[in-house]
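Order of writing sets the chain letters: A, B, C and D. Residues in each chain are counted from 1.
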Amino acid sequence: MALRTADQFLAALRDGRTVYYKGERVADVTAHPDLGRAARHCAIDYSFADDPHHRTLAVTEDEHGVTVNRFYRVPRTAGDLLKRREMIAETTRAGRALIVLIREIGTDFLPAAHIVTKAMQEQLEAPYHERLNAFWTHVAHNDLAMGLAQTDVKGDRSLGPTDQEHPDYYVRVVDRQKDGIVVRGAKAHTTNPIFADELIVLPCRALDERDAAYAVSFAVPCNAPGLKFIASPFSGGGTSPFDHPVSSRHKIADTLTVFDDVFVPWDRVFLCGETRYAGALALGFVEYHRFTAISYKLPLLDLMIGCAMLAAEANGIEKAAHVREKLSRLIAYRETVRALTVAAAHECTTKAGLAVPNTTVTNIAKQYFAENYHAMVQKVQDIAGGLLVTAPSEADWKNPETKHYVEQYLGGKKGFGSINRLKLFNLIRDYFASDFGGYHELLAIHAEGSLEAQKITILRGFDGGAVKAFAADCANLDPRS
Amino acid sequence: MALRTADQFLAALRDGRTVYYKGERVADVTAHPDLGRAARHCAIDYSFADDPHHRTLAVTEDEHGVTVNRFYRVPRTAGDLLKRREMIAETTRAGRALIVLIREIGTDFLPAAHIVTKAMQEQLEAPYHERLNAFWTHVAHNDLAMGLAQTDVKGDRSLGPTDQEHPDYYVRVVDRQKDGIVVRGAKAHTTNPIFADELIVLPCRALDERDAAYAVSFAVPCNAPGLKFIASPFSGGGTSPFDHPVSSRHKIADTLTVFDDVFVPWDRVFLCGETRYAGALALGFVEYHRFTAISYKLPLLDLMIGCAMLAAEANGIEKAAHVREKLSRLIAYRETVRALTVAAAHECTTKAGLAVPNTTVTNIAKQYFAENYHAMVQKVQDIAGGLLVTAPSEADWKNPETKHYVEQYLGGKKGFGSINRLKLFNLIRDYFASDFGGYHELLAIHAEGSLEAQKITILRGFDGGAVKAFAADCANLDPRS
Amino acid sequence: MALRTADQFLAALRDGRTVYYKGERVADVTAHPDLGRAARHCAIDYSFADDPHHRTLAVTEDEHGVTVNRFYRVPRTAGDLLKRREMIAETTRAGRALIVLIREIGTDFLPAAHIVTKAMQEQLEAPYHERLNAFWTHVAHNDLAMGLAQTDVKGDRSLGPTDQEHPDYYVRVVDRQKDGIVVRGAKAHTTNPIFADELIVLPCRALDERDAAYAVSFAVPCNAPGLKFIASPFSGGGTSPFDHPVSSRHKIADTLTVFDDVFVPWDRVFLCGETRYAGALALGFVEYHRFTAISYKLPLLDLMIGCAMLAAEANGIEKAAHVREKLSRLIAYRETVRALTVAAAHECTTKAGLAVPNTTVTNIAKQYFAENYHAMVQKVQDIAGGLLVTAPSEADWKNPETKHYVEQYLGGKKGFGSINRLKLFNLIRDYFASDFGGYHELLAIHAEGSLEAQKITILRGFDGGAVKAFAADCANLDPRS
Amino acid sequence: MALRTADQFLAALRDGRTVYYKGERVADVTAHPDLGRAARHCAIDYSFADDPHHRTLAVTEDEHGVTVNRFYRVPRTAGDLLKRREMIAETTRAGRALIVLIREIGTDFLPAAHIVTKAMQEQLEAPYHERLNAFWTHVAHNDLAMGLAQTDVKGDRSLGPTDQEHPDYYVRVVDRQKDGIVVRGAKAHTTNPIFADELIVLPCRALDERDAAYAVSFAVPCNAPGLKFIASPFSGGGTSPFDHPVSSRHKIADTLTVFDDVFVPWDRVFLCGETRYAGALALGFVEYHRFTAISYKLPLLDLMIGCAMLAAEANGIEKAAHVREKLSRLIAYRETVRALTVAAAHECTTKAGLAVPNTTVTNIAKQYFAENYHAMVQKVQDIAGGLLVTAPSEADWKNPETKHYVEQYLGGKKGFGSINRLKLFNLIRDYFASDFGGYHELLAIHAEGSLEAQKITILRGFDGGAVKAFAADCANLDPRS
């Protein structure tokens, strides 16, 4: 079976899906000035199978011997995880350090759901495991793109679903019918679903017994009736490739995703009322998803260092001790995240036959990355200097009355021309001091779970027994008292 | 003599000055869609004298008994410094935490130049002191706005002016004539000069004897022939007051300021060739200017805490321990900067009869503010959440097809309505995760000198003799060996 | 009335008090090898009145016109607070950066109790205010030393007094008699009570109504029957003045203080059962005591910088960029604590006629000092190097077989002799990498309240109303929704 | 060939070596009260081969098929590095988290010297490679302990060997004879050489051509004539196992190592005058040695967490949010160091047939460990509380007059008895707030190279080409300008 091309991927998005953007219904997301840019960014992922440089990495066989994209491969070994990591990093690099995220997140759900539905099969004789694997085969063999909606809008975050002022602050089942279920509610910050073929839904937290209606996981086509996407304009993006070298070409679109009584047939339902498994599914997904997170950060970290090094050279300060100190910190930041990701793969565990990246190490890598991100951005800004936000624009360079001034006065160290210097500063501002940069900061600390969520996971996952016993032995504690 | 009104201030800006913005010559900066916003922001400063709430603070008498704006008052005591600080904070607060900066920076120069020209008078019998004080009286009695250009474009930052590849990377005197001098070169990131009446120029570093042509300080009217401003569009600013509540109403405009052979009459020249005093003037200005810096930050710090507290309430997490910890840190951050500013005023020294804020404490306050700014922004983003960059826009709220969804699903804690919550997030994004936010980050670490500049000043200003003697005594060191 | 001399102070300690140390009853604390050192350290405080260099600072008049030590003066103004700060800093400096703490802590209690007992007088017509002021006069006019016991042993720290497994984990009243009360229980880490004339006791937390027996504050002579002190040996201290230049001469002694049914006459009781005022008294004391804390740190911070600067010179690395960076940080650390202390005094409030240092600023200063202390110690160790803990001892220098090697090979930069270098390293190890150094680390983070206690105080003391209103205004929040 | 027992190891130390301690010549280091403790600590390493629990790990075959201790095995693969790491961690754990360091450091030298001498063989036809491997076989087959002296006393650290005031501030060759060389000078902080059979010496820095006499590496028996050790008493250690549970049983002894014209036969010389290779040897050793460093830290990190967890429980605060936050940080600290070590092994490179741990990752792990050590100590102290340094001693518990008070009043949370609580605090003080704790702090930041050395290595080892190219591509830089 042939894998889809980028064009085939884009063509399939013209299917009548309900998308709103800046107050208007968008008939064709691929043709929209802003959203089209994001659609083409997603298409990068589909271009790999056709690209001789990437084909070996991107194309593999599944366990039925069918040719599939690397993303759909069932992870069985550390090697599988490392290859997946490479696939994520390379597509992100092709996206100029902006994560593509059109198959990553769906394929974080599939193995997690495989594990949890297997447990439900064994413990409850629940029918979800087969359905899930059939769905996995479906998306793999048809080379489909997947969005995923997990985070409910939540209302008062100190309360569970049932205690909210409004019953729909978490997505819930409002009707169980013979052929399927009807769901209502809304999920916040869903990434790129308007460019996906299928939308996967799962709970975002552990639930208690009163919350049965909220324990629901399923998949629906993105043009399902009642499914509505309101895309946010706040992820940045300029129009001039000179002033905004990356955000003018690459974009992510997050949506408020509304389920206005959407029907889901039973064979697309993976959880329905089993509250006890809601937390396991939510967390199991996150375990995979944070590994994806730390995999896709590498090109961004490369970009930070590259920008800082070039800016230091452009400004003639590359030998200053404080600049060298900052570069060393940036490198250590990158290498720490990178090496922890490698260790998380090497130290994977096996659940229901699947390789799961080491949870503690994965969470530490994500937490370390996120917590230090703003401080690292500061270093890049510090080395680049104030011109990031006070420089003339492309139009001033094109204006014959000012062109000469721009060219003459913005020169840096000998050998680094004015316009290259300006382009470099534009890249740095675009990525690290702008709407697009603000989006990245939020992505760092809120995507794939908050800083606090990671801290809790780190604490919970640690078995204190051995270290307490060691300390007790060193202290000669008397076990009887 | 009556002080000027905001309208009078604005009217005076239509004087033929040469301003470029986004590739076009701007005939009237007050009428331009973007720049006009910045002009009106500057006018806030002139509105205080007319405003009964602010008049007592804003209007005072100078030493000749003439009614002047508070900014022009000669600082003689800690009380004067504290009043000036209050004036700066209050105008900034009226500017919704964005510094107005239309008289602050000029009146940081005047006392510094008073002190240095006094020394030049005493040591060299140089004529600058009288000129400077005449200029001070001129701007005070005519209630004039001042821009100030200090930072040269610099080229290779590891080299001094004379060693640059291009002789004009620092502003220099190209001709000395009978009536005055002719200057050439360019200064980077000059704040708001296109809204000023007078532009003050001074060196940005210590110079050595070879650099005599670069040792120049003067003032010129902003419409002087040959003086050209290229305003940067990168300081942020949206158009919808809903989506961009502050940046749609308040703006700063920084320029690349080109001196294309500008003539300056002798009575406007305050330094010309005395290289030995260039560093003293540069540094003396900065001593006052960093006190201004830490004075105008207070409303911004208030805004950070206010945003974080409201966001915590809106999300229902105000009692979470980690949120309380973050709020405590934000408060400590604000209070540390604030209290250090107060101490810097109380511990002022006197030079040439003027009160100078304590240099070490001022630099520590500025350094502490700047170094921790990004980490504090992170805390605000962390409390607010991902909706900052994934929320629908004003247009989606106005669209009848989606209005209901926006209103229903973006509700937070009971009592905090959806639209207020959205407005709050819009404020936070506008200030802390956007083009405007990126501008503030750069302002934090590069305006009024870089982080490294402050560290050096802190080290240089400290007299190690006493503490070394104390340590030597505690160690019983033998002074003879 | 003449103030007591150091000898008179020491003589008064031979009064039969019950003191244990390292398993033995100590008959005379002034004659004991270890404790005597601590006693003489306390006597520093009494030496000031006789010392022409310090007399002006140390001797003043009280409000009755009686000559008293500065410590007993009733604080009415910012100036009084600044003078008290100077007195504390100078006695500490005479103690080679080790706080003397023989009157400081008692005179933190007196004004706090003055304020709280005044409120109790007004609200309950309670008799304590007069008693308290009589006691103040008593200690002032007799020039008495005071210890203070606040921290109960507490048992399970998550429980209040009444819920503990053992009723005596907090000091409590076990009998109310006609002439006075009988108290039982124990207080932990009481500083230097074995060198005091009077011991003051107060609660360490807010109490609820069930805890009435624990709401007790009083003063007793240190030789009161039933009062027993078990002094800890863990505050460091060596015997060789060469190897341990400070700790061989200066020491603090903390005790576990046991109240084995101690009788207290009514005129020494300042709180007895009024649970509602327990928290106010505990906190009120702490407000003054944290100001003392930040006052006595200055000589220690001086010592840190002095040690680091001398070590950099001794090693020949004083011009290395990373060393200069570290010195700049140490200076900023010192100046931040110092300037915040000055601001806390200038911004004092007045309660019951007394000046109270600004609580928020005081707590921030203490928190900032404590939180960063270990990191600053690291910098000093980093600059000094590994010889701190691998160098030969005094005995090796005195041994003729090895003397030459020690002298020859431990030389540093030209001009800094081997033995002076060794003495310097000994000082640094003594203060920053030893038993004595560990004591200082604990003192930093636990004395005068923990890091968390300060964070909570900072948050509680801040009035969020104004900043929330400012943010709401900037966001255009609709007050009706 | 049978491996030596612990007793055989100890017996061999009675060979007339010249050891001084606290001013006295020590005839038998194994019989000395303090040094004997350190000798027995070293013997732990020899006990493993006899211990059924450790034998499988500790005993292996070398490439000649001879039974040797694991330490002597030639590292060829990542697996060898991981096994070595385990060996180091387990002996350290048996040493109650204090590194044993009696073979680790020598076997860091051997592979590094193997690689460098191989290069010298190929490039200079120098004879060292064979000698080195013969020495490796000698120590392996005779199961010998090795000390290593690298850090010269250095004098003025800003100068190289030749420019020092004193020619012997770096160890140098003073005579080349027919049979060997004569060396003079001193090395600082040599760890445990007085318990080793052989002492290895190598340069501590790159040298230039003028420094030929200082380019010397060799091995000598520890009782060689002219070789003198002055052991430092400053590594901590108490006498009561109750008050000092670890330091009373475990100790390291560092020496000032004096070469008073020591003769070294040629077959023990591995470098002599080839200045160009001095830096490579110094750095090559350090590459291995830092991997050892991060391997032996794991038990210490376990101890930190174990102590913090037990202290939290003892005090009843284990559920407090700030305590949980601190525990999470401690765990993340441990896991980051641990996982980076694992990654450094997995990502090893091969040089001259030997596996070298990834240099960048190793240095980052070491730097991260060291830089954060003091802050982590602070967290442990913070959770434990002030009793660490104010508690009664063992003697007070044994004294019948005070025993009851100690037992009654030092109880914590129900189920955690007073004496166990006291023992736990004693362990924490012993390790983290004492002479022994200070030693550990210095060990963290100065052993195996300083913080700055690691930062430089991180920067130097990073190839910026790829990341600069990526940034240049994202910025669309024009390669022609």
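Quick note on the criterion: a residue touches a chain if its C-beta (ideal position, glycine included) is under 8 Å from a C-beta of that chain, and two chains touch if they have at least 3 such contacts.
These numbers were taken from a predicted model, which means no experiment stands behind them.
Of the two chain pairs considered here, B-D and A-D, the higher C-beta contact count falls to A-D. A straight line joining the Cα centres of subunit B and subunit D is 52 Å long. Note: centroid distance subunit A to subunit D, computed from Cα atoms, is 42 Å.
Among the residues of subunit B, those in touch with two or more other chains are 322, 325. Taken as a contact graph, the chains are fully connected, with every chain touching every other chain.
Those residues of subunit A whose C-beta lies close enough to touch subunit C in the complex are 321-322, 325.
Interface residues of subunit C facing subunit D in the complex, by the touch rule stated above, are 20, 22-25, 151, 153, 155-159, 165-166, 168-169, 185-186, 188-189, 228, 230, 232-235, 243, 254-256, 258, 315-317, 319-320, 322, 373-375, 377-378, 381-382, 385-396, 398-399, 401-402, 405-406, 408-414, 429, 432-435, 437-439, 441-443, 445-447, 450-452.
Looking at the complex, you find that subunit A touches subunit D at residues 93, 96-97, 241-242, 245-246, 299, 302-303, 305-307, 309-310, 324-325, 327-329, 331-332, 335-336, 339-340, 342-344, 346-347, 358, 360-361, 364, 367-368, 417, 419-420, 423-424, 426-427, 455-456, 458-459, 462, 464, 466-478, 481.
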